[in-house]
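Letters A, B, C, D and E mark the chains in the order given here, with residues in each chain numbered from 1 onward.
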Amino acid sequence: MGKDMLLLILISLPLIGAAINGIVGKKLPKAIVGSLATLLVFASFLIAFGLFIGLDKTSIVHLFQVAKFEDFTLDINFQLDSLSIWMTLIITGIGSLIHLFSMGYMSHDEGYHKFFTYLNLFIFSMLLLVLGSNYFVLFFGWEGVGICSYLLIGFHYNDTEKGIANSLAARKAFIMNRIGDAGLLFALFMMLNKFHTLEFVEIGKMIAASPELYTGIAGAITLCLFLAATGKSAQIPLFTWLPDAMAGPTPVSALIHAATMVTAGIYLTVRSNFLFELAPTTKDIILVIGIATTVVAAFIAMRQNDIKKVLAYSTVSQLGLMFVALGMGAYTVALFHVTTHAFFKALLFLGSGSVIHAMSDEQDIRKMGGLSKLTPITHITFLIGTLAIAGFPFLSGFFSKDEILAHAWMSSPVVYGILMIAVIMTAIYMFRLYFLVFHGSFRGGDKLKSHVHESSLSMTIPLMVLAVLSVFGGILNLPGIVFHNAGHWMTHFLESTTYGLNQIKPEHMDGTQSIIMMCVASAVALGVLAWSYSTYVKKQALAKEDAEMNAWEKLSNNKLYIDEIYQTLFVQPILWLSTTLASQFEQRILNNGIFKMTSAIEASGNYTRKWQSGFLSSYLFWMVMGIIGFISYYIIKSSFWN
Amino acid sequence: MELIFLPLILGIIAFFIPSKWIRPFGLLASLSVLGVSVAHLIQFDPRNYVLLFNPAEAFPLGLTFKMGYDGLALTMVLLTNAIISIIFLANWNREIASNARFTGLTLLMQFALLGLFTSLDGILFYTFWELTLIPIFLILYWFGKQDNNRALFKFFLYTLLGSLMMLLSFIALGYFSPNYSYFQLVQANFEGKAFEAALIMGGILFAFAVKIPLFPFHTWQAPTYTNAPMAGTMLLSALMLKMALFGMIKWMIPIGFEGLVYLKWPVITLGGIGIVYGAVIAMKQKDLKTLFAYASISHLGLIAAGIMLFSLSAIEASMVQIINHSIVAVGLFLAAGIIEDRLQTRNIDDLGGIAKVAPQFGFWFAVMTFISVSVPFTAGFIGEFILIKELFSAHWVIGITAATTLVFGAVYMLRAYQGSMFGPTKIESFKDLTWNEYLVFGILTIAAVGIGLYPQMIIEFIKPSIKFTQELMAGDLTLTK
Amino acid sequence: MSLQMISVILGSLTIASALMVVLSKHPIRSVIYLVITFFFISSMYILMNAQFLAIVNMIVYAGAIMVLFLFVLMLLNLNKEAEPETSRMGAITAVIAGGTLFLVMITALRDTFQYGKGYTPVKVQDAGLVEQLGKMLFSKYLVPFEISSILFIAAMVGAVLLAKREKQVID
Amino acid sequence: MDALIIIFITGLLGLFVGMLKKSQLTLIVICTGLIAGFLSMFFMNDYESIFSSYNGLSFSRTQQMFGLLAIGLTLLAVLLGYAYYKEDTEHTADYYGLILFSLTGAICLIGFSNMFMFFLGLEILSIPIYVLVGIQKGNSLASEASVKYFFTGSFATAIMLFGIALIYGSTGSFEMKEIQMAIDMGMSHSPMLNIGVLMMMAAFLFKVGAVPFHFWGPDVYQGSSNAVMAFMASVVKLAALFAFVHLFNFTFQTLTPFVSGLVLFAIIVSLFLGYLSALKQTSFRRMMAYSSIANTGFALFAVLNQQFGEASLWVFLIGYACSTIALITINMIVEKETDELSNWKGIGYANPLIGITLVISLLSMSGIPPFTGFFGKYLLLSSAFSDHLPFVILAIIASLVGAYLYLRLMLLSLSREGEGQKLKMTGIQALVLIVSLAGTVGGWLVLLIK
Amino acid sequence: MEQLNNIGASLDFYIFVSIALFSIGAIGVLTRKNMIVLLMCIELMLNAVNLLLVTFSTFFGNGDAQIFVFFIIVVAAAEATIGLSILIMAYRNSKSIDIEMFNKLNG
């Protein structure tokens, strides 16, 4: 079996799973449904791993042609190279773990088979997104994940309490993504007009041949691409959907809104690096927006009380960090952070899922506390995740963040400074979350306490696997300064097989600076840990109620009022426009105008028929007038004749 | 010829069938017509022009009575026959289907539509154009809401005004062409008379603009849809609207091509306004049918704007989009019909939680919703993609305007879907889908996904026709037919 | 007194008596004035050498038709009170309209009033004679002559149909 | 010409057979005569008849077609009226006789070749109609209609005679050919001729019922009976329109551009006034009268069309007359005490034949293809298109108002509320409906045969 | 000139008289409300036409116009008959010959 075939099988396995579960899943026992879905994704992972091992050069698999137009064709092609296979590994790997987790988490849900159908469908779409060899397939996947995300966020649409909120959140996500999609479409159109193809490789070649031809259009294209990325990867200004998306079941949050889908924007940018390299302005914009997002999201996360909301804002913040890296041209660094982030954020979400599961669907951290003893495995793994994200030395997050900070330092100390603030805030809110959930006393009441229990094995195994990965994930791309030959494996891996990835090499950094930076980061993480411990464990500080908050806490707690601002600035005017147009323009002017006209015409009949007075003498009179008129016509006309 | 006259004969027979047998009769009749058209399809080579009726002698008034089809027309013929069959199927368990008048009128409507699509003579085209009005009008009047006279008047007079303008144009065309044969009309010489050509085109456009409907001519649509019976709405939006788009592609632009420079941007602008306007109004509509009506203004504005570009890709994409819109229209109006049928209301505020009670319906409605917002793998995606691309290439402003349909479309469709299907259950019981409704949704979905995955088949099918027309317009072709 | 003088006087009298037809309050007077007008017109015919028409005019118009009018007037037995009043405004409007008609026609035909110059009427004496007319009527105009019988039949049937009193059914 | 004699003799014969007081027999005699007349008209060779040695009448191919149409429509009108006449056994024959005499007038008016025949034809056409309008003797509305028609008609006759006299004065002839020659020789600027032509035109506008000489129309139509109205609206209108068009397309053709301004004015005002006034009517016959004023407006476009005017008029008239006869038949069927339009509610839904006839007739009158009404309007408008575009557009706008009018009637009569309504329809009426339906649907096909 | 003198005044004069008679008839038709007088006024108008025709006949010197006058008299007689019988019928129905009374049909 050739690689091409394997690749196609890899892509189609989740689709097959979705089809089976979708069509007959309702009648199958839950165990079969869940394990089928999980195994298929895992099989995909195995195939991907095999391909990864045997990867030598970029190869393109042609499947079929969707449409052929005058000056371009639209094909379904797949591309196998280091970047796509790397993303595939993350997606299928973490995907299968989360599938496994879901088997336990969703076991009581009546829409069990539906859930796995959607999940498999999501994996399929995501694979299309990353494996496609052109922007068209990428767009297919891009839209596909959007729909799956919509379906999964609104999964509990008919929940008696939160049903409407869930579906509204889903809608918000879909629509905000659609705004981004429009950007992607425009980028595609511009590329079609300029390059007459959408193949990555061919566009890359064309640009490599004569970059100066494309500098102008590249700016526009990259801006549109970045708009798309902000939609999918929840950056300012389109980030508000992600926290709302937490309405979905927790595995969904872990898979889609932490590990995979939200990183599609980063993937897109990395994929299009040849274009971004031609557009320095766009890169500056990305940098600024990345910084803003990471700081704003971290700030909001500090005083959130919903366990998943904290993690959601954390995700937004981390994604911002990745965009900072992209803005500086450090593409592999961004991907490295994508990878480690996938590990620890998935871990954290699954951990929070386990907590929620244990707490009988309670998500408010004010009602939790002291869960460390009740759910030991969750506690340990969650702790590892927290440490990893906070940048505890030598865990995966430490290395990936450090790379970004190092690049930031090299580009500008100001950027570095701002990022350090964000890093500190990250550590603060994560430790706050950890301590409030797992330490102190249980605040949820006795009745709830008696129900709290450790999750089943299918849920804890993924936690443990992810914990291990979170700890050792850093190995993938160790800083070169310390581990000379072993370092930067991932950078080299991606560099060796992709085209045109040129970036600043961290090796050029001064060794001493690098070490100092690591020390600073470690110190920050440890310092915040110590401070948090003293605040939340020693002083037993609790999450404040709304009334007790001071100004900045309120600001953070209310998400900077961004939703409200959007509501007033965009939503309300459009809805107002809709109502006004419908009632004023449509109804009053167009509709009533026409009826006014017709009734006026009808009414004019009343005047014309008055002429018909019924008196013979009037008839005869008008006949005489007619003849007089005729003759006058002649007199007038004949006098003009001469 | 049997292709066109079979529905006429069947339609007349239908009036005499006892009501016990009328239900299967309607379905079988429409299926047999579909079968005939499929037989034509099998023998058809897209590179050919098939002339069904081609009298050699000349008639007075420049009448030629030519009839025939190319790939473009045959596509529409097949679409018509398929949709009519689906309409019969969708109405199977409704009272309306056991009414001989309805069946007969629908078959007569089919006759008129087939005649329209296959006519190759200007006056014949106009005749069939008007002829379609009569059956649909009676269907709306007899089977619509009782007090719908105002809406009907508006519908009838609007369309009639449009037709009369078209008639003026055809009369004027008589001065530029020896007779009304399509081939002669296309070759009509407007050299140095671009403005006259634009005027003639404008007259024809007026008729089409009313039917499409383009932005300021749309007010008849929403009330007509709201008052119409489900089958009538389907006929209107899935087939009658398409007549106008087909007419634009096949008749209006090829005939008055020299005048396109004058009309191109005004119409594209109107289309663009329609896209945004329809979508914005649809956002706050409470009645499902009204909402879909405004959505249709938005969708068709895009197609009309795309056609005006008259590039090969744009027309191919328009055809794909025309078919997609027919599928969507039937699906969505069936959904609205099902809701109205079981709950006697279409107001979104009164609905809610249906998906919980009737999960199958919820699912298929969702599928239709997604097809309508043209997600990938559905027919709408590729059409919308290329159309917006072409518009974007023509001018970026119109491109961006057109792209708002992506966002706005999602807004109003999801609002409609979620408002009626999700949320707290406000209804006691809701009978889930019957077999025929399943079948309809299934067929529509398969068609939509099939076209979405492989639109090439349609594109290949119609490409030779468009090229032929373009050559005809350029005068490269010496006509032997 | 030259013929010209006679014809001018006749013309004036004709117009005057015609005016009296319109102005007379009583219908019977109108009838009488109308008969007088016809006499004047007939005499003008004679002046123009149309003797046969002059006679026919006298017999048919003044004789038959006017007698019919009088007969109907008597039959209906309309007394003075039944005579409809003409409203002043209506009359003024009507006179203005008629006057305008007259003026407009005169204006339009003003060029014609040198009509006769340069033309030479031929065989003036013969044209209006019975013999001439009779020959024409039964050769050139035979078809109209025969067709006019249809008119008379129709008028006869119609008159009988309308004027006849329906049979009264006596119980 | 032979047809004329056959019809006249049939009329006389009908009067005699009428004495037997067997209405059925009378009908048979009359119909046989009409069919014989139709056939003799049909098989007539050009200019050959027993009267050919005398001048006065001549029939070209077109005139023959109009003659056939007139006879055919009379046949329909006669059949249509049967249900009504037979109740009045005393006068059944009188009705038929008068209608047939009137028809002879119409034929004279179609085939005239000098002013004598023209004038006589017009009078023979009119005088029986004056009588027929007022034939319901006890009905004060009928006698009012008769009075109005008679006085306006006589006044118009006087005007026309004055016009004929002036034309004679300027051209010195009553023969159409000679008049035409004289005009073509350079008389066209003569004031006397022009005034004469204008006065004739005024009288014609009166006869066809166009503004500003239309006033008699609504009153007379409403006052008369359905049967008489059917004859008036079809045959009388046909003959008058044909004579008008014929005169202005041949004899006065040099002057037609000169009068075109007036004709266009009359057309447009007729169209709008007719349709607008019709909108507010409650009486069916009155509404039809106004609608006929508007349709006359359309027909007058033929006056301006030298080339195809008569052929266009023929097609237009067959559509118009057939629809009108069909509608009047339906009105006869549904009429109760009065001819209120409310009687029409739901009749089309109750009876399919009535429904189909009604819908197609109304659509044809609104100018919707493929019915004859459309082709008539199409021909008339298309010929006027290049010279009088603004007026054609105005006419089209007016026809939209008309469509609204007919649509309203259609909606009213197709209302579902009529379900189960019982309508009495005789076989003869059904026959009339079917024949006129065939004319409405297929009348235009004659264009292709030619 | 001499020939013209044969018919008395000039042709123009007769035309003038004829127009005057016609106009007077028209005024009568417009002013009078009595139907019989109305009918008489119409007869007056017809006589104006007759006069005109005879004038032209004299002028052209052929008898065609006189034959036409003959037919006009024929028609006038028939018309008068019909007119009077309509009048009688109308009188029977409404007991009046005032045309102003006949206005039930209007609008």
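One rule holds in what follows: a contact is a pair of C-beta atoms (placed from the backbone, for glycine too) under 8 Å apart; a residue touches a chain by one contact, two chains touch by 3 or more.
Computed from a prediction, not measured in an experiment: that's the story for all the values here.
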Chain D reached from chain C - shortest hop count over touching chains: 1
Innermost chain by mean C-alpha position: B
Chains linked by the largest number of contacting C-beta pairs: C-E
Most remote chain, CA-based centroid, reference being chain A: C
Intercentroid distance (Cα basis), chain D paired with chain B, Å: 42
Rounded Å distance between chain B and chain C, as computed from the means of their C-alpha atoms: 71
Cα-centroid distance, chain C relative to chain E, in whole angstrom: 5
Distance between the centres, which are taken as Cα means, of chain E and chain D, whole angstrom: 27
Residue list for chain D, restricted to those that touch at least two other chains: 116, 120, 123, 127, 130-131, 134, 137-138, 147-148, 151, 155, 191, 194-195, 218-219, 280-281, 404
Sites on chain B at which at least two other chains make contact: 153, 157
For chain C, residues that touch 2 or more chains besides their own: 90, 93-94, 97-98, 101, 105, 108-109, 112, 115, 140-141, 144, 148, 151, 154-155, 158-159, 162
Touch relationships between chains, expressed as pairs: A-B, A-C, A-D, A-E, B-D, C-D, C-E, D-E
Residues of chain A defined as touching chain B within the complex: 64-71, 74, 139-140, 143-144, 146-147, 154, 157-158, 160, 163-164, 167-168, 171, 174-175, 178-179, 181-182, 185-186, 188-190, 192-193, 574-575, 577-579, 581-582, 586, 590-591, 594-595, 598
Contacting residues of chain B [partner chain D, same complex]: 15, 59-61, 63, 123, 126-127, 130-131, 133-134, 138, 141-142, 146, 149, 152-153, 156-157, 160-161, 164-165, 167-168, 171-172, 174-175
In the complex with chain D, residue positions of chain A that touch it: 598, 601-602, 604-606, 608-609, 611-612, 614, 616, 618-620, 622-623, 625-627, 629-631, 633-634, 637-638, 641
Chain D residues within the chain E interface of the complex: 115-116, 119-120, 123, 127, 130-131, 134, 137-141, 143-148, 150-151, 154-155, 157-158, 161-162, 164-166, 168-169, 172-174, 218-219, 222-223, 280-281, 286
Complex interface listing, chain B residues touching chain A: 150, 153-154, 157, 216, 219, 223, 277, 280-285, 311-313, 316, 353, 355-356, 370, 375-377, 381-382, 385-386, 388-389, 392-393, 399-400, 403-404, 406-407, 410-411, 414-415, 418, 421-425, 453-456, 459
